[in-house]
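Structures follow.
Both of the next two complexes hold subunit A, though its partner changes from subunit B to subunit C.
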Partner chain A sequence: MAAEDIYWSSLIPGLKQLEHWFVNPSNGEPALHVSNAILVVLIILTLAFIARSKIKDRIERDEDLIPEAGLTVRNVMELMVSGILKVMEDSMGHVAPRFLYLVGALAFFILFSNLSGLVPGFAPPTDNLNTTLACALVVFVAYNLYGFKEHGLAYLKHFMGPFWWLAWLMIPIEIISHLARPMSLSLRLFGNIMGDHKVGAIFFMLVPLAVPVFTLVLGLFVSFVQTFVFMLLTMVYLSGAIEHAEH
Partner chain B sequence: MKAPRRETVRLITHVSAGTLELGMSVAIGAGIGYALDSWLGTDPWMTLFWLVAGVIAGFRSLIRVLQSLERAEGQKEDDGNAP
Partner chain C sequence: MDLSLATFAGAALCIGLGAVGSALGEGLTAGRAAEAIARQPQAAPVILRTMLVGQAVAESASIFALVVALLLLFGPDSGPLLRGVALFSAGLCMGAGAFGPGYGSGLPSAAACTAVGRNPARAPRINTTMLVSQAVAQTPSIFALLVAFLLMFRSQPPEFSLAGAAALLGAAIAAGVSATGPGIGAGFAGAAACDGTARRPDRAPLILRTMLVGQAVSQSTSVYGLVVALVLLYVV
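Presenting the complex of A and B:
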């Protein structure tokens, strides 16, 4: 990417410095994914604080929590959070509220990151493998931690497979398939968003009129589906880690 | 564009997870085996063993995906037959 490209993040003084601190040593590109991730987090935090202060206002004045009229920040945030919780309850059951903070935060970050790629002047943080690997490692550490918390050391038992005399083969197999999870999670998200971004850029270069709109529609679709896929797999791994002892 | 149903997206998730994990498992198995070989000097036995384990792990995840696909298909047929 050319150095004279203009991004929203470069307009903010602190973030511009940050980009040039974390320069990619192999090709000298500024770390746009770091600054854009911070920008995305700031946007989410702003929206969340607006929605929260509105709800808090009503509670403090002892009024009923009726929805506001029209499309407001509070309504959109409520809709998204309740939608995420609904999806989680569908696939996790009664433990869903316990993991809302983890899965919901990941979903918000990934969705806003993906969607930011459709806005000119943003570089989506998720089109860099470092960002997606960070998200996937959080999931990897979290589900293993929850597994240990739920079963104690007995969590290690399900690495051994059904028969003790097969343990010498099952342990390597389980280790490999557990290590494959964060890799496939991060590679899928990164590949889809980067590919989508590149296709959009190339179409914009070839035919700058009307045609890129279709890639934007495609990008919108990919953004939502990839967020959903990441969320769903996180939930599959989490419930797999906390369920196993029941069988 | 018609919005996909949640079940369809769930299916897409499992299929893409299984197929990607097939490749990843083989690569990770070979990588671990190679690292252990160069560390312990047991060339080529660790690479072989971990490669085989990786292939088994990959195909196991693929088989799980196919099983869940089959279950989903069976459910669809049951729904269709229900009066």
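Presenting the complex of A and C:
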């Protein structure tokens, strides 16, 4: 390991100071996950604004949208958004567009964060439990809020299990399993990305030539799969909270 | 004092035990995928995708074990004796805790490969059921990871006591070994749900809900293990 690690985030004025404001009190390490999360958000915003500027005029003039030729920023973003929406429609049905903002934003942030770990000079924000727990808590608060919004106080019936006479047993079990959701969401993402990043670093240390390519391919795969798993569980929790019991 | 003995032995135990379950589950998945492709060769790309995604998720448990093993290998190498016991216990906890969830999350993906082969048009629904059940099957290994982290990152008192060491080892055994049953049990439920989703895709939400309630009940036993582990770590 180098004496002083160099990160892209430290080239941007302001972000380096930020890292040193949020120093980890136990070991004095700078908060790379904070600066890198901001960097990832900036990258996503830039891509989104480029893509939007291409279609904005035509939407305002109410003209048809003409797809561009070749691999452009707009095409990639359109592909991703439509892909996310399709996955959501497959598992949530007609309510999918209502939650596109929440699930889509999480998907973009987590995917770009995961992928940034494969680029030298980035510290993936998702290999820190603070980042993933923040995402998971957003999901936890959101699905419970939507549950109450949809059902009112009757949402609490979801915690009582299938039969009223089993409620005394089911309520504690359900409460624990709901509390385990943000924990397992955050630790799963964190553990996988951190493990992958560490494996990559160790292979680079042992054999710097050719061999680490395989860990990068594995990392690419894990980045996508873990984003998908996070998205899917978010959708299942959301649709579980808002669904009406069948009679 | 030098803690190499504890960290090296802990890391070896962790990845040694932790690799078994995931490998079994992934092998089972690959076998079922091959069988499904032999029956339905035209659905091969869909089956292959289910297999790869399922295997990647089943791999999570052993990746957690790998993380703990690497943290032990490249982590602290000196400290009080009790810290050594804690580090060794962390390895034991994660190693034991990865077996059941690794194997258990292989069961739904194996069943999902067969199910997708039977009903390729409903692959997205089946994949959803598979991934959700795998995620639940993995929860016990996440409890074990949590306890392993608590064991690794808590500072220990400088003077050695037999009771303190026993509590640390006990916490590791409680959280680690208790993950085996719930992990495999949740896998049974998930496998059956994948099969059911292929047979009655129109009833997929009901199947998913029944599966989740049943899995929550079977998971409660791993919560007992977690509670005992936390009591041993913080109360005793």
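Quick note on the criterion: the second predicted complex is superposed on the first by the 232 of 247 C-alpha atoms of A that agree within 3 Å, B and C clash if a C-alpha of one lies under 4 Å from a C-alpha of the other, contacts with A are read in each partner's own complex, and residues count from 1 in each chain.
In the analysis below, a contact is a pair of C-beta atoms (placed from the backbone, for glycine too) under 8 Å apart; a residue touches a chain by one contact, two chains touch by 3 or more.
A quick note: this is a predicted structure, and the numbers were derived from the prediction, not measured.
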Subunit A as common anchor, with subunit B and subunit C clashing or fitting: clash
A:M194 touches, of subunit B and subunit C: first, second, both or neither? second
Subunit B versus subunit C as contact partner of A:V23, first or second or both or neither: neither
Subunit B versus subunit C as contact partner of A:E243, first or second or both or neither: second
Of subunit B and subunit C, the chain that contacts the larger number of subunit A residues: C
Partner chain(s) touched by A:V217 [first = subunit B, second = subunit C, both, neither]: first
Touching partner for A:L79 - first (subunit B), second (subunit C), both, neither: neither
Subunit B versus subunit C as contact partner of A:L42, first or second or both or neither: neither
Intersection of the subunit A residues that touch subunit B with those that touch subunit C: 87, 90-91, 173-174, 176-177, 180, 183-184, 187-188, 221, 225, 228-229, 232-233, 236
Contact footprint of subunit A on subunit C as seen in their complex: 52-53, 56-57, 60, 63-64, 66-67, 70, 124-125, 128, 131-132, 135, 138-139, 142-143, 145-146, 205-206, 208-209, 212-213, 216-217, 219-220, 223
For the subunit A and subunit C complex, residues of the former touching the latter: 87, 90-91, 161-162, 170, 173-174, 176-177, 180, 183-184, 187-188, 191-192, 194-196, 198-199, 202, 221-222, 225, 228-229, 232-233, 236, 239-240, 243, 246
Interface residues, subunit A side, partner subunit B - complex: 87, 90-91, 169, 172-177, 179-181, 183-184, 187-188, 217, 221, 225, 228-229, 232-233, 236
Residues of subunit B that touch subunit A when the two form their complex: 1, 4, 6, 9-10, 12-13, 16-17, 20-21, 24-25, 28-29, 32, 49-50, 53-54, 56-58, 60-61
